[in-house]
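In the two complexes that follow, chain A is the common piece, with chain B as its partner first and chain C second.
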Partner chain A sequence: MQTTLKTTAAPIDLPQLDLHKRRRPHEIIIQAFLFACGIISIFVTLGIVFVLFQESLRFFGSGEVNLIEFLTGTTWQPAIGEFGILPLFLSTIITSLIGMLVALPLGLAVAIYLSEYASPRARGILKPILEVLAGIPTVVYGYFALTFMTPLLRSLFGADTVQIYNMASGGIVIGILIIPLIASMSEDALSAVPRSLREGAYGLGATKLETSLKIVVPAALSGISAAVIVGISRAVGETMVVALSVGAGPKLTFNPFESAETMTGHIVRISGGDLSYDSIDYNSIFSIALFLFVITFLLNLISRFVVQRFREVYD
Partner chain B sequence: MKHTSIFVTLLMIVAIIASACAPAAQPTTVPQPTQAPAKVEPTKASEQPTAAPALADPTKAPEPTAEPAMEMLGGLPMVDAGAVTGDIVTAGSSTVYPLSEAMAARFQDEGYTGNITIDSIGSGAGLERFCKTGETDIANASRAIKSSEVESCRAIDREPVEFRVGTDALAVVVNPENTWLDEGVTLEELAKIFSADAKTWAEVNPAWPAEPILRFSPGTDSGTFDYFIEAVMTPAYNKDAKLGEEALLKAENLQLSEDDNVLVQGVEGDKNAIGYFGYAYFQENADKLKALKINGVAPSGSAVDAGTYPLARPLFIYSDPKIMAEKPQVADFINFYLTFVNEEIDAVGYFPASTSVLNGAKMALLIALGQ
Partner chain C sequence: MSTFELSAQPREQTMMRETEAVAAVAAGAAGTFAIEATDVNIFYGQFRAVKDVSLQIQKNKITALIGPSGCGKSTMLRAFNRMNDLVSTARIAGEVLFHGRNLYAREVDPVEVRRKIGMVFQKPNPFPKSIYENVLWGAKINGFKGKADDLVEQSLRQAALWDEVKDKLKQSGLSLSGGQQQRLCIARTIATRPEIILMDEPCSALDPIATLKIEDLMRELVEKYTIIIVTHNMQQAARVSDYTAFFNMEQDRAGYLVEYDDTKKIFTNPKDQRTEDYVTGRFG
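This part shows the complex of A and B:
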C-alpha cells in the first residue's frame, strides 16, 4: 500500500516544488495544534504513571507490607493491616472471564453475520444499534446487573445459591457491555479480508458457512485476537458494573454466585470515602491501581505483538 | 525564518492550551471553595437580604412572622434564613446525613439562597476533611471526636466545637424471611454473629440454621462501624478494641460499604443476611427489613428515652468559632439546626436529644459566637 503511494507521488513532486515553498501560516498552526494535542496525551499518561508509582512506592516503603506479601496474601483488609491482593485479583479474573465467555462468542457471531451474511440494509440498521449499545453509560449497566441479571440468575438457580451481590451477574453484564467492542473490531478485521479469498473458496465448492469459518475467520485471526485482548483489558478495567453488582467485601472464592470485590470495585469504594486520606490504607489503592495498570499494559503489548506477528498480508 | 515561526506558533498554541486547561483544573482543587466565599461574603451579605426575604415571605409566611415575636428561641438569636447567603460545606457521617439533609432542605425552604453541600462519607473521613485538609465548615459525626482528631484540628488552627443534635438507636436488621431471630439477640450473640468465630448461624446457636452468615457492615471509616466495635465487639473480646475489630474484619462473607443503601439492599436480598446502620435507614425501609430486639428491647423512641435500648448513641455536628465568625452563614445554619432539629428529627428517623443536652449545645454555640 505504502510503496504504491510513494511511486505515484514521486513524479508529481517535481513540478510542485514551488508550491512547497509557499508559506501557509494556517497549516503551521494546525500542525502545531495537532502536535500539542499528541504531546498532551503523552504527558497525561506519563503523569498518571508517575503518580501511580510515587504513591505505590509510599505504600511499599511504609514497611507494613512487602511485595511478596502483597502478591501472595489471601486476605485484603487494610484496616487490620492485611494486604494480600489475591482475593481482589481473583475476582477480577473471574468476572472478566465470565464477561469474555459471553462477549466472545456473541461478538464474533455478530461480526461474522454483519460482514459475511447481512444484506446492506440489515447492516445499515444493525450497526447503529450496536453502537448505541456501546454508548450506554456503564452505571446503567450496573443497575441492569443488580436489578435484572441478579434476579434472573436467582430465579434460575435459586436464591439460596445465588447471593444478592455476585460475580456472575456482574461478569455477564460486562460481557454484554463489551459485545459491541468485540463485534466492531472483529468486523473490521473480517471485512479487510480480500474478496479474492472468498471467491477462491467458493470456486473450490465451499459453502458460505465453510468460507466464513474456515477461510475468512482464520485470515482475520490477528485482528480478532487483538479485539479479544482489547476486550479483556476493557473487562478487567470495568468499574461501575462491578462496584454496583459484585459486592463490597474482598473474598477469595471461585464460586461465581458468591459476592466478592474486584480491584476496580475496591478502588472506587475506598476512594468514595471509606478510608482516610494520607493513610497506608489509602495509599494501598494506588498499589492496586498500579497492578491493574501493569495488567492492562501487558495485555496491550501482547495485542500489538499478536497483530504484528500473525498478520496475514494479502494484496 | 521558517523554523522560528513554527517555534513561535507552537509556543502560542501551548500557551492557549495551557490557559484553556486551567479552568478545567480548578474545580478539582477542593480547598479553594472554602476560602473564596469567605472573602466575598461580607459584601454580598449586605446586598442580598433586601431581595431574598421578599422572595421567601410569601411562601413561608406563618413561621417567619410568628417567630420574631419570641426573638430569642432557647437563648439563641433568631435566624432569618432569607437573609443568609454564602455557601456552606459539610461532610461526614452517613448516619447524620439524612438529618442534616432535612435541616438544609428546611433552611432553604425558609429562604436560604446559598449552596449547602452535605457529603456522606463517614464520620472519620468527615472529621478528616474538617481537621486535616480544612475543606469543610461543618463535620457530621455519629461518634464523638477523637483526641487525635482534635490535635490535627488545632494543628491547622481550628478548635472543634461539638453540638449534639440527636440520638440514634443503631438498628440491627435482618431479612423479613429470617424467623430464627424473632426473639432478638443478646449483645454477646451479636458479637459472635459478626465475628470470624462463626461461619454459620448454627455455630452461634445450634437452634439456628446451618447456613452461612452474610454480614453487611458500614465501612471502617464510618462512625457507625467504630460505635459497633466499641459497643458490641470490644466487650466480647476482653475489652480489647483491636481484637474486636480484627474479629469482625476477618469474618467471612463480610461486605463493608459507606453507602447504607448498599447494606439495605444486601440484607433485603438474602435471608441469611444481617446488617446494622442508623435507625433512619431502617425506618425508611421498614417494610423490607426487620429490626432485631437487642437484649429483649426493640429500638424505639420510648426505649431510647428510658435508656433501655443498649445501642443508643449520640449524633453530633462539629464546627469551629473562627469559621463561624468568618462565615456567618455557618453560625446561622447551626443556630437554625439546633433550634428546629426536634421538629424534623422524628420524620428523619432519629430520636430527640434531651432538652438539657440540646440546651448545652445551644450554650456552646453562644459561647463560640461570643469569641
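This part shows the complex of A and C:
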C-alpha cells in the first residue's frame, strides 16, 4: 500500500538541504557569560589567599616573630610582642568541640527522624522550621548565648564556676546554630539511599530502627561525614557568637566555663579598633586568618577524601 | 485498518466468578495450605488495586501470579508478608491466613511476619556490605546465635552461589554481577529460615542465562520452601511453576483473580477465555 502511494504522489519541491555551520551568537554570549561567572569565583578565592599571604609575610617578615614561635607560643599579647597562637587556637578548638558535641547527635537524630520516621505532614512542618533556624542572623545567636545560655549555665553550675563570658555557652550555641546544617545535609544523604535497600531490610524482618541505623545510615555514611566536616568548618569559622559571648582576651585554658578568645573573636575585636596600617598588630590578624584558612582548607580536603574513600555505591 | 478489525474478535463473556475458579483448585488439594488469602481487597487511598481475591497457596510448590501490567499481582504478593504496610496510604480488607492465623489481625506484628515470609525483589538489592555480611545480616537481626561461617556457607550453597564467591566473601555484594546479586539476595533470605519466599519478578533485570540459573534454583528450593513468584514472563511461569494464578483488570484498573489452576491447565486448556487470550499473547 505504501509503495503504491509513493509512486502516484506528485514530487514535492523540498527546500534545498543545507548542512552548513550556522552562526549562533547568543550561544557564544551565554557561554562566555557563564564562563566569566565561574572564573570570577575562582579569582575571588585566589585574591583572598593572595592578600592573606601578602599581609602574613609582612607579619613574619617584621622580625618580631618567627613561624615556630607563632605556632608554639602560649601567650598572645601583641602589646608586649608575644604572638603565640595557641591560646586562640585552643579556645577555637574547645568551642568547636562543644558545638559539635551538641550539633552532631541532635542534627543526626533530626535527619534520621525526618528521613525515616516523620509522616509527610510532620516533615512538611518541621523542615521549614529548620530552615528558619538556619536563616537567623548569627548576631542573634550571639545574644542568645549571652542572655540566655550563660544565665542558664550559671544557674545550673553556679555563678562562681561559670564566668559571664565563657566558652561553654558560645560552644553550645554554635552547636544549635549548626544543627540545621548537619540535619539537612545528612537528611539529603539519607533520603538518597534507594528505597529498595530499605525494602530488602524490611523483607528480612528488620524493624524500623534496625533498618535506619544498620542499613540506611551506613549507606549514607559518606554524605553524613561530609556534613560533619562542613559542620566543623562552620564551627571553627563562626565569629559573631564567640565574639559576643566567649570573651575578649586570649587565655590559655581548658576550662570551658572560663572566658577566652577564639581566633575569629580576636580578629573581630582587633579589627574593630583603630589600628594603623602595616602595624604589627594589624598584620598579626592576617596571620591568624591565614591559619584559619589553612584549617578550613584542610578540613575541606579531608571531606573530599572521606566522601570518595567511603562512598558506598548502592546502585 | 481492516486488519485491526479482523483481530478484534468478539470476546466471550463467560464471566466465571473468581470464587468458582478458586474452588476448583481447592477441591483438588488435600491438607492445609502454606498461606491462604480470603476476599482480599487492597486500596491505595481511594484507588482499589486488588478486588475480592481469594487464593490458597500449596505447600512446597511454586505458585506463579501472572497478568498484564498494573493488574495488582505485585500488590497481592506484598499482601502475603505485609510489605504493603510500608506504603502509608495502603489499606487492606479481608483475611490472609498463615498457620491458621490472620496476618492482619490487630495483635500481629508485621516484623515477625516478614521473618517467616521472606521476599526477593525485582531489582537485586544487596546491601552495600560484604557478601558475608549480606548473608548474615538478616539472620543476625533475627537473633541467630549459631556458627556464622556455617550459616553463610550453607545459605550460599543453597542459593547455588558458593562456588562463585567462596574466595571473595569479604568483597562487597555489589561487586557481583546482576544474576549473582539476585542469588545473594536469595541466600540472604534463606539464611533467615523463612517458610515462604515471595519473589517479585526476580528475573526481570537479568539476562537469559542468569534467569535460567534462578529458575533452576527455584526448583531446588521448593523442596524446602513454598515459593510464590510474580512474573511478567509467561514462559517463565510455564517453565517453573506448579500452579498459576491469572490476574486481570477492567476499566476501573482494580485487579482481580480470573483463574487459578495447575500451570499445565492454565497454559494448555484454560477454562476462561480471558486466560486463553492472555497466555496465547492476544493482550497484555
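Please note the rule applied: the second predicted complex is superposed on the first by the 287 of 315 C-alpha atoms of A that agree within 3 Å, B and C clash if a C-alpha of one lies under 4 Å from a C-alpha of the other, contacts with A are read in each partner's own complex, and residues count from 1 in each chain.
The rule is short, and it goes like this: a contact is a pair of C-beta atoms (placed from the backbone, for glycine too) under 8 Å apart; a residue touches a chain by one contact, two chains touch by 3 or more.
Worth saying up front: this structure is predicted, and the values here are computed from it rather than measured.
Asker: Please determine, from the superposition on chain A, whether chain B and chain C clash or fit.
Answerer: After superposition on chain A, which the two structures share, chain B sits beside chain C with no clash.
Asker: Which of the two partners, first being chain B and second being chain C, lies in contact with A:163: first, second, both, or neither?
Answerer: first
Asker: On the superposed three-chain arrangement, identify whether chain B or chain C touches more chain A residues.
Answerer: B
Asker: Looking at A:199 after the superposition, I want to know if it touches chain B, chain C, both of them or none. Which is it: first, second, both, neither?
Answerer: In the superposed model, A:199 contacts chain C only, not chain B.
Asker: In Å, how small is the closest CA gap from chain B to chain C once the two complexes are overlaid?
Answerer: 46
Asker: On chain A, what residues does chain B touch that chain C touches as well?
Answerer: The overlap between the chain B and chain C interfaces on chain A is empty, containing no residue.
Asker: Under the definition above, what is the set of chain A residues touching chain B in their complex?
Answerer: Answer in residue numbers: 23, 25, 28-29, 31-33, 35-36, 40, 75, 77-80, 82, 146, 150, 159-160, 163-165, 247-249, 251, 258-259, 269, 272-278, 281.
Asker: Across the complex, what residues on chain A touch chain C?
Answerer: For this pair, the touching residues of chain A are 119-120, 194, 196-207, 210, 214-215, 218-219, 312-314.
Asker: In the complex formed with chain A, which residues of chain B make contact?
Answerer: 2, 5-6, 9-10, 12-14, 17, 119-122, 124-125, 128, 132-133, 211, 214, 219-222, 245-246, 249-250, 252-259, 262, 265-266, 268-271, 273
Asker: If you look only at chain C, which of its residues touch chain A in the complex?
Answerer: Per the stated touch rule, the residues are 81, 83, 86, 88, 111-116, 118-121, 123, 125-129, 137-138, 141-142, 172, 174, 185, 188-189, 192.
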